[in-house]
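Just below sit the structures, each encoded as structure tokens.
One chain, chain A, appears in both complexes that follow, with chain B as partner in the first and chain C in the second.
Our next item is the complex of A and B:
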């Protein structure tokens, strides 16, 4: 099967960026403020193809933090105007976990009420993915089989070698781009090096989910009222970082903004987080998930089990961003890594109940 | 691709004051020729440009195709603005959304309808439907509780409901202010269940009200030998989209907007983070 995929040898990324930029507005992971972020790139840009390298995942290009649903005029009647979304986009250096996260978002924004804003961008986007030849210490993609290697669902796929790159073509869209580059086919040595590099990345991934993905549903059902949730959620700041950096988190708010002229405005969607106190609040300040423990459980179980029930795809791809960007330092709970780490939450839930003697599980009150 | 976020303009053709803070608005689409096709218990997103959108139950009978009604209580900023609207004003409507009451299952069955406060709103369309199609359903008992007599909604409908054959209405309030004549019950709505004459074996119970009220109603019904699968509740959650996208209304793995708002009791019992949960 692998031999059928067209594999080319690419000397440097810049000629590819140049070819793509002619037709697409290209984004890629570049250095920013000591970290990396997806920014608009040009042929001079230096891409950083690390494991889940960017703080924000590529989802923000397809489902922006803020987006206008439509603009409107105030006054008589109900006059609205939809935005045009026909820009062609390309995203370089999406890691395999993030591509798998997009497949989950495809299902969230698909279905009976398909979201045209997401889908117009999605269909106009060229995915130039990059395999991970190294896996960061926070990542556990091998447990989900969402990395470090990507097998499908890309237009172009880059794998870094010691002397250049292998460029694989996964779609007609990708083929159109490489057609103008006249690249040589990759040699067997190149392909062997690719396999060796990815095998080594796989072998070096130390972090593992302690429960098999298929058993997680049952695991959380049995432990919904486990006392380990209490100290964990007590140490959580409810800041929402884990959801903002998560490549499959999709919740949003819709709000209206009025222009200074006061005769027009826009209706916008804006990323939101189930970790924030007001997320489930309704009239009279009734709140269906006021206790922090409810919010903490909701995020954890939704990612690891409920999303699979809802969409058939897991809501965690093991990118490790929540582990890395959770500000609740490990010492706060006598942990090795941060509080948002799904692997450690699961490990805590596997502890015998005696360890939590004296921990009181709060009783639910009316909203 | 059709844009499901786009609301359609509808004109307010009538406003009826229900209580000091609740009004019923009659609406008609201005452009769409086809009226609103819906199942009782479903909801619309009502939109006021510049103020936002919110989910509101459709309170009219589904058999009245050309117009539809919403009964809205003044609670926050959006409902505060809706409360200021007049006949002839335009709002945006998208919908209907959600599951609605299982009217198919209810055919030829007796109906026990129990509501608290504005919880009667999503049940009114069902009551009207059962009256208009009197031969399609068995006996109907409506048990409705409110804080005070002045908080009861749809009071102008009660004579019509009572005069229909085999329909009984029972009322109760928590508190009767001095000087108010009140010939009906006093106390919580569960107290009314003792007046029920219908046979639980051939009946469905439809409940809407605060979660804590529904919790105790369900307990009482189970004691009266209602089967769990014959009990249905309408749940409330915050919603932004109504289309299982914004994620706000989730109870565990269920979206209240598309999987609900009407759930059977066995469904809701299995969910976390609500007062009807079995794990409570």
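Our next item is the complex of A and C:
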């Protein structure tokens, strides 16, 4: 995407929300039960432009949790009715890591077997991203370079300043929205403040991946049967929270709901999780990943290594949601953060083998 | 067998029986007549004491068993029902896992009887057991009370002779899908944060946690719950062993998995009838 970077000064967000809401159904991170969630917003809404602010990532707007694929009816032959997905959507305050996660989802749902439902929504969506001027203690986006600053792939980009916002335009779609606002150009001071703020956010990110991203594939190959997987997976609930809040997880299940008349129904998709026992279950209740340890390993390695092999983009953007929402109690094992934390898992795998004397691990072949 | 093979003009001949419970699930069923009229059209009730005065017409296609077994007579009645029913459904938490009445199973029977009755010698009760302790159960509708959507799915499946989709994953999945904040993590130290969501079977549409109440585990254990970790988590959060025991025995203490969690309190002093699964 080639476009001239245009930086504008925005006094307050509400003018922008108002302009966007005229054409788009706008979502943004707003307060919910003491936390934040993406909800439909109006010009009066107070947005929270923090780092990985919401529990469910913005992907649930593009790939809804429950989605009616089509409804069917038996009568004069077999009739199918598909939903119309021409609604224009706008996502406000989507953080740089989430935009990078959407790029990964684009690869998954694109390519040879493109998902039309996802792409219809994706093409109708206006991305109003927001740079993170502070990074939460769970995030490690700097290790992947997926944050706190976004360089491209946005329509509009907001950066918070001490006296307003800088609004950058990244596409023609974004240009159309700001054209009607008649905003002033940002001054050099504003741009300097933006750089200073993002640099300090970067410098304040303490969490780092202990292994360079390029070496992760080799790292996991070597440690596929490392005993550190055992105590880690023993403490796992297999509740699926880490995958549901993950912005790059894409698995879903499809089921038919039959109407009581039994000649009509709806085919519906729902998010699924590889951490659940029934996920890899096939006929006669055979299961490819019955032991908890296999499921635990699958999530970790798929995110950090296999997805890169498969789609060319890594499955982890370092947003820290899995770290935050894993229900296992971290203090118990003397850990700093929760069980789902990829950084901690890697750290455990780097421990010398002597530490795990007597721990037996079921040996599997590395992919 | 297809739906048309069912006895009453394509409808499923259904009988509803009550054992030891509060009858709340039957009450929920009455409520469904209003909410899900089309689904209930698929059923023809030949015995439903709460709704109508009609003597039992045997045999029947579907028996909905509500409540746990708590007297020797119940066992005989239950086996007689099983002989007449093509499909038997454990209807609600009490039939599936013993439910609230089974809290008494963790005390001496005499102590329980003495507390209520002036002369325990006249009482002939036994430990409350789930229905599947004595007869084969084809389907389970868990929960206190049963869930509307799951009931709808089961009835439509039975009428179309297909296997129903009954969720096996934990409540956490349904809760997170509803964009709820995690109460186990967020509400520290208070009683409300003692959420059994990570080990309890879903299907309830996370109704309690969506309203900021902890999961009480009324639907019993999920497909492979990590009970030791759940107990350790509660302990790390500062809950006493008695709190943990009470939470696990509240609805499904008779399931192998939850009784394991409750035993964390009793330790080696667990009542003898709970040692078998140790």
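Heads up, the rule we're going with is that the second predicted complex is superposed on the first by the 349 of 367 C-alpha atoms of A that agree within 3 Å, B and C clash if a C-alpha of one lies under 4 Å from a C-alpha of the other, contacts with A are read in each partner's own complex, and residues count from 1 in each chain.
Note that contacts are C-beta pairs under 8 Å (C-beta built on N, C-alpha and C of every residue); 3 or more make two chains touch, one makes a residue touch a chain.
Quick caveat, the model's predicted, so the values are computed rather than measured.
S.K.: Since both structures carry chain A, what do chain B and chain C do when superposed there: clash or fit?
M.R.: fit
S.K.: If you stack the two complexes on chain A, which partner ends up touching A:282: first (chain B), second (chain C), both, or neither?
M.R.: first
S.K.: Return, as a multiple of 10 degrees, the angle whose vertex is the Cα centre of chain A and whose sides reach the Cα centres of chain B and chain C.
M.R.: 70
S.K.: What's your read, chain B or chain C touching more residues of chain A?
M.R.: It is B that touches the greater number of chain A residues.
S.K.: Which partner chains sit in contact with A:255 here, chain B, chain C, both or neither? Use first/second/both/neither.
M.R.: both
S.K.: If you stack the two complexes on chain A, which partner ends up touching A:34: first (chain B), second (chain C), both, or neither?
M.R.: Touch partner of A:34: chain C, not chain B.
S.K.: Taking the superposition on A as described, I'd like to know which of chain B and chain C A:72 touches: first, second, both or neither.
M.R.: It touches chain B, and chain C stays clear.
S.K.: Using the superposition on chain A described above, determine whether A:292 touches chain B (first), chain C (second), both, or neither.
M.R.: Second partner only.
S.K.: Have a look at where A:327 lands relative to chain B and chain C in the superposition and call it first, second, both or neither.
M.R.: A:327 contacts chain C only, not chain B.
S.K.: Answer with first, second, both or neither: which of chain B and chain C does A:199 touch in the superposed model?
M.R.: Neither chain B nor chain C is touched by A:199.
S.K.: Rounded to the nearest angstrom, what is the minimum C-alpha distance from chain B to chain C in the superposition?
M.R.: 5
S.K.: Can you list the residues of chain A that touch chain B in one structure and chain C in the other?
M.R.: Common interface on chain A, chain B vs chain C: 255, 258.
S.K.: Inside the complex, what are the residues of chain B that reach chain A?
M.R.: Touching chain A: residues 1-9, 30, 49-53, 75-76, 79, 90-92, 210-212, 236-238, 240-241, 243-248, 250-253, 255, 258, 272-275, 277, 279-280 of chain B.
S.K.: Under the definition above, what is the set of chain C residues touching chain A in their complex?
M.R.: 3, 38-39, 41-42, 153, 156-157, 159-160, 165, 168-170, 172-173, 176-177, 179-182, 184-186, 197-199, 212, 223-226, 229-230, 232-233, 236-237
S.K.: Inside the complex, what are the residues of chain A that reach chain B?
M.R.: Against chain B, the touching part of chain A is residues 69-70, 72, 74, 76-78, 80, 82, 108-109, 111-117, 119-120, 224-225, 250-256, 258, 265, 267, 269, 272, 274, 279-284, 288-289, 294, 297-298, 301-302, 305-307, 309-310, 364, 366-367.
S.K.: Sort out for me which residues of chain A touch chain C in the complex.
M.R.: Going through chain A, the ones touching chain C are 32-35, 37, 55-56, 60, 65-66, 234-241, 244-245, 255, 257-262, 270-271, 273, 276-278, 292, 325, 327-329, 331-332.
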